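Working notes, beginning with the structure itself.
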Amino acid sequence: MSTVTVAARPSVGERAKAAGVAAIPYILAVLVAFVVVAIIIALLGHDPAKAFRAVLTNSFRNRTGMVQTLHKWVPLTLLALAFAIPLGAGRFNIGGEGQMILGATGAVAMGILLSDLPTVVLLPLLIVAGVAAGALWAGISAWLMQQFKVNEILSTVLLNFVSFEILDYLASVVWSDPGAGGAVTTAIGAGGELPRIGKPPMHIGVILVALLAIAAAFYARRSVAGFELRAVGLNERAAKLHGIRTGKVAVMSMIVAGALAGLAGAIEVAGVHHRMLEGIQSNFLILGIIIGLIARGSLTAVPFVAFGIAVLEVGAGSMQRTSGAPVEMVLILEGLILLFLLMSDWVTDQLRLRASRKAAA
Amino acid sequence: MSAPDAAPGGAAPPLLRMRGIRKTFGPVVALKDVDFTVGPREVHGLLGGNGAGKTTLMNVLYGLYAPDAGTIEIDGAPVVIASPKDAIAAGVGMVHQTFLQVDVFTVAENVVLGTDTSGVDVNGRIRELSERFGLAVDPAARIGDLPVGVRQRVEILKALYRGAKILVLDEPTTNLTPQEVDALFGSMRAIVDEGMSVVLITHKIRETMAACDRMTIMRDGAWIATVDAADTSPEDLAARMVGAAPASDETADVALGGTEIGDATLDVPEVTGPVRVVGSRLTVPGTGGKAVVEDVSIELCEGEILGIAGVAGNGQVELAETLTGCRPAHGSLTLDGTELVGRPTEAWLRAGVVYVPEDRQRDGILPGADITENLVLGAHRTRAKAGLIDWGRARREAVEAISEFAVKTPSAATACGQLSGGNIQRVILARAFAHNPKMLLLHNPTRGLDIASTQFVYDRIRAAAAGGCSVIVISEDLDEVIALADRIRVAYSGRLVGDFARGHADPYELGRLMTGVSGAA
Amino acid sequence: MSDFITLTITAMVPFLFVAQGTMLSGRAGIFNVSQEGLMLLGAAIGYLVSLKWGGNLVGLLVAALAGAAFGAILGWATTYLRMDQFVVGLALFFLSGGTASLLYRVVIGADEPPRIRPLPDIVFGQDVLVFVAIGLSALLWWWLYRTDSGMRLRSVGENPKAADSLGINVTRTRMLAASLGGGLMAVGGAYLPMAFSGVYADGIVAGRGWLAIALAFFGGWRPQLILAGSLFFAAMDVLAQRAQVSGIGIPHQFVSMLPYVATLLVMIFAFRWALVPQFLGKNYDRESRITG
Amino acid sequence: AIGLSACGGGEETASSGASGGGDASGVKIAAIFSGPVNDADYNALGLKALEAAKAKGAETSYSEKVAVPDVEARLTEAVGDGATIVWTHGSQFYDNTAKVAADNPDVTFIAEYDGTPKDQPANVWTIDRQFHLGFYGMGVLASKLSKTGTVGYVGGLSLPFSFAEVHAMEQAISDTGASTTIKPVWTGDFNDAAKAQQFTQQLLGQSADVIVGSLNQGATGTFQAFEGKAAGDGWVTAKYTDKSAAAGDHYAGSLEYDFVAPLAAILEKIAAGTKTGRYPLGFDTGVTIAMSDKVPAEARTAVEDAISKVKSGATTVKLDVTKIG
């Protein structure tokens, strides 16, 4: 064995350059997706330029758009973390929406039952209740997984459907708002509302989640718990033989995920709707999964990817009103962007392979 | 030494001729225009150190790797092998270094998988083949439940069932007991007698000399030589494998596999330090009443090396996991007087019990994590401050460990799974020694390693023992146990039998214990 | 009572098709998660083709082909390009769902949609697809467990490297399984307008695709148990409806939880069924040493 | 199908009538719809009204398939894009509409509601849908049509307006002195036709012979459940739009709604400077019970009588949102 001097890792410059080069195919992928969608929109007789202006500029053209984007970014980030963290331990949490609904339930229960409490008491109580309810709901799946080996995909999918019924029951029977035309609860007490800042107002859940995302990324990289999580995901057997309680780690990852999704529900209640309503979970679950996967489970990347998706979602929503392009194009656009994003990985690999072949030859 | 394409007997075309095979993996040139020729009815040894390109060459032949350049001829006719399907059709069969079997299928299903079974008496054919070549198997057994030796036979049957003319065996003996090796070589002879040829990949020169008619030596992806068994000697082969520098005495000793057991080691003084490890009546209940580890008691002094020999599948993995706290058990085990049984694995680790498992990829490392992270694994709790790991320090220490253990890697940030088996083992050992073990248990520590790496591992083990660590070496390689151990015991059917001091172990007696013929405890 | 059985069996059919499709892909290692979208696509195409271009049978066929095409895209992207199965599946879920709505919008416009004729009954008041679905389950069992090619397919989902080393074309097997699976999912979707509504609507699938994934796990990825599991789930669903119709004084939301909770309870006691193909969701790369 | 509708002025509402002229040029209307505008149902009604406004010169745009959690974003965008009038179609949007309206006093909002909201902002018009009124008539129709004396009500979510519908039907039955029982069920989803079909079939199996649907796109499932039954053997009704094309021989009619006239009337008021008010949907103002020709004359007359009593004020239909089940 010849001893060569070995670097701990590539230099900062090299890593930055690699990241820059890696970004190019991603940008290309998004462009190609837009071109394909532009062709379809044009074929349907609408103006693609107008449509895309709406998609891309909506978030940036004024503060309103930015606030909306950030409000969307909050649950997207939390649900992406709720998917990515158990994924780190090799577990698939498909229960984000159920956990979020339960989180909203916990929050709204506090907000309605204790509506006369002042903010300093009620708001923390409401958040804690949301987090706890989400964690508890995920805990059911974790318990079934650990104790009975029930596959977590199965249990989380089924529990989502149970949570829809719970929401329906609470919003249309227990705390239903008789005037609302949908399944909506009455409003929580003013003390349960997240303070808002600026104009147009942004709820401070955004700041809370930004701090949380930084903490999560830092914790995942630096902490023992983060390392154990990764170890379990990479090789459960080896982790176990090296003193890691793999079952406990997996269970904890699910519970933390549930807590985060529950927090998303609580923030939607306290910051955005001030009540719970049918459909509060929106399509955050699927978008969260997608964000988690595009970020390749890196908690550091999650908030950034989530921001990109939030821009897309907010912009796409107004695409129809501005250009008349049918609303389905939004789904198609998102699907294509995803596909091409992944394809860009393949292109990068091919290019790298060709380069190294040339170098080797 | 003869030219690579010279077939014995001259006129008849060789059975297999590979010419100018080149293969690159990214920047790595694995095969540099390699020529390889196998004659009819011969056992052809393919020798070389770790990463020499043996497996790669045979994977090219078997259609698993697409070569960048080169041609293949079988029976004098050029063939294009783009996939294993083509290889099978051309009469190539291969037993891979790691078995390629579907665990949930039966033996019969694994054997016939991919063939047309309509109108075929599958079990009959399997039985017929296993009788003819001495490869006893139960066609109805589930593969996942079988011991390695039997799975090995199934792999060979798979190739024979498809009518292979050339059978490639990639390091087939690493998992086998001497008895099984003998049986395998017997089967190989039977195969050659039926008109086929065998390519035998191995590191073990003694085996090569015993079993092969001719051999090809590779080094660093290049063909070095092809020689007749009659024209060479073990020393010559070892020198060619290792390269220009002549093999040191010790290296050659490892390479030759300690043929003369015990003689040179009798003068080593017997270890008599204070007792460090006391295990008593350790039992692990299994499913179906039979305990997987039964009533095992051991005692080790400081600096003592206990060797546990045995045929694979006699509860060694379970025993290893029991003795290192990875598996709940009844009974007692104390280390320096502290009782450990019943406590979590982490407590054992903290107490200084370190385990080097046999299956490196599966149990030893996090393949997707980098070397630094793998070196931290297991120590991550003890070394963390306030629940945080100091990765800066870990990286610095990793660089040191890499140079101390001579791990061949581009950087400490390389994924551990990318390393070769020998280098993975070096990382695992570096980690094990960084724990300052008081008790070190190694299971098959040199399986699949080349001569240099094996020597390295032996040196390290001896150094640890010299430093006061109590060492247990569980190995299916009897030579290894005899070479290393101060005392030898034998694992048989979940129990420990026999107890021999260094130099007093009679290999035949050991062999009898290993196969359960003699029941002495 | 016979009414109960009839309703249960009809309710089972879409789940059965989609869960079997999921199983079939999964047994070759392809974990499809675009069921919800493929069902929508099947429903839209099944409806539109039946209405405009020639009857239910043609509608089913075209729907199956469309589903197979999407399944093939999943297969292609994950075998040839080795893209992440989960992400591609979700992307295809968006694409197929969007395409379904778009097709319907382009063909029907804003007019009131006419109902297509339901599938004709054969015997016992059950339509032809009921028998096809049950027969298909039997056929799949026979194929997977009693034929060489079925064994090859299973081996690809368990250990593709072993399969590859025996000359089995992993890529082709996966492409085939993914396409057939996608086709079945679309047929499951196409059944909805043909049996339940007579027309297409965006809300028609209502989460049944996700449930079908759960049912594939519930049935331990084995055709016979998926049949049993789908039947059980449908029976619980119909039972919950019956309880609400009869009025048992429990809020209907709790009654509606029955099928989900019952399924989980069964799973607790029967987790030994719960086998999952070893290589489910994992891509295979012949020349890579780190597999899975 | 023949229609039964009456024209004439509503309460404090504007002069009615789609025919009513009025120039809408200069206004920029943005509409928010909860589902696809091609649903041939509630959202199609909205689009029709919007297009009528466009025909009169208004500049229009819309967003469809907007979920409640997203509506605030769509509303602020619409305002940001310079809409002068924003209409949210569906009472689930009321809260958000009122909230955004409070922040944008220069823009006029039209929202829908089931009842009279508290604290209605000064720049918000509400359309009170009064579903219970229509279902009073449907109650009469259903009890007259039922031979078994059991009527099934198939709803989506068990919302207050849905309870009000059932209670209004009960009131209608007791007002007409009938002894019909109503079996209400909720499928959990207004658009899940498969569930609607299954529930309907169960109801039919449990002696109900008339099914009153209060669904959106799920309605087709209630029709499908009658497939294979002989004509005259049971009846089914629908809500919002004329669904005779999709329904079969058992179609007794539909409780139809119109938003063209209400929207036109409100736009006129807004043009005249009235930026707030309430527009109740009543039998004169947007609500019609359209019955199939197959409905027996006796039942038809009973419905007509009931409606005229409601219109004359002789009957007051109670808005009762007491929970059921």
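The letters A, B, C and D name the chains in turn, as written, and every chain counts its residues from 1.
Rule of thumb we're sticking to: a contact is a pair of C-beta atoms (placed from the backbone, for glycine too) under 8 Å apart; a residue touches a chain by one contact, two chains touch by 3 or more.
Note that this is a predicted model, so its numbers are computed, not measured.
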Chains contacting each of subunit B and subunit C, listed by label: A
Mean-CA-position distance for subunit B and subunit A (Å): 45
Rounded Å distance between subunit B and subunit D, as computed from the means of their C-alpha atoms: 77
Distance from subunit D to subunit A - Cα centre to Cα centre, in angstrom: 37
Touching two or more other chains - residue numbers and ranges from subunit C: 101, 105, 251, 253, 256
Residue numbers of subunit B (touch at least two other chains): 367-368
Touching two or more other chains - residues of subunit D: 36, 65, 158, 188
Each pair of chains that touches, named by its two labels: A-B, A-C, A-D, B-C, C-D
Interfacial residue positions of subunit B with respect to subunit A in the complex: 24, 26-29, 321, 324, 326, 344-346, 348-349, 355, 357, 362-370, 372-373, 376-378, 380-381, 384, 387-389, 391, 395-396, 398-399, 402-403, 406-413, 452-453, 456
Of all residues in subunit C, those that touch subunit D in their complex: 3, 7, 11, 14, 101, 104-105, 108-115, 118, 121, 192-193, 195-199, 201-204, 206, 208, 237-238, 241-242, 244-247, 249, 251-253, 256
Contact footprint of subunit B on subunit C as seen in their complex: 148, 151-152, 154-155, 158-159, 161-169, 275, 278, 286-287, 289-290
Of subunit D, residues touching subunit A in the complex: 30, 36, 61-70, 72-74, 76-78, 80-81, 90-95, 103, 112-115, 117-118, 129, 157-161, 188, 321, 323
Footprint of subunit A on subunit C - complex, ascending: 77, 81-84, 86-88, 90-95, 97-99, 101-102, 105-106, 207, 210-211, 213-214, 217-218, 251, 253-254, 256-257, 260-261, 263-264, 267-268, 271, 274, 276
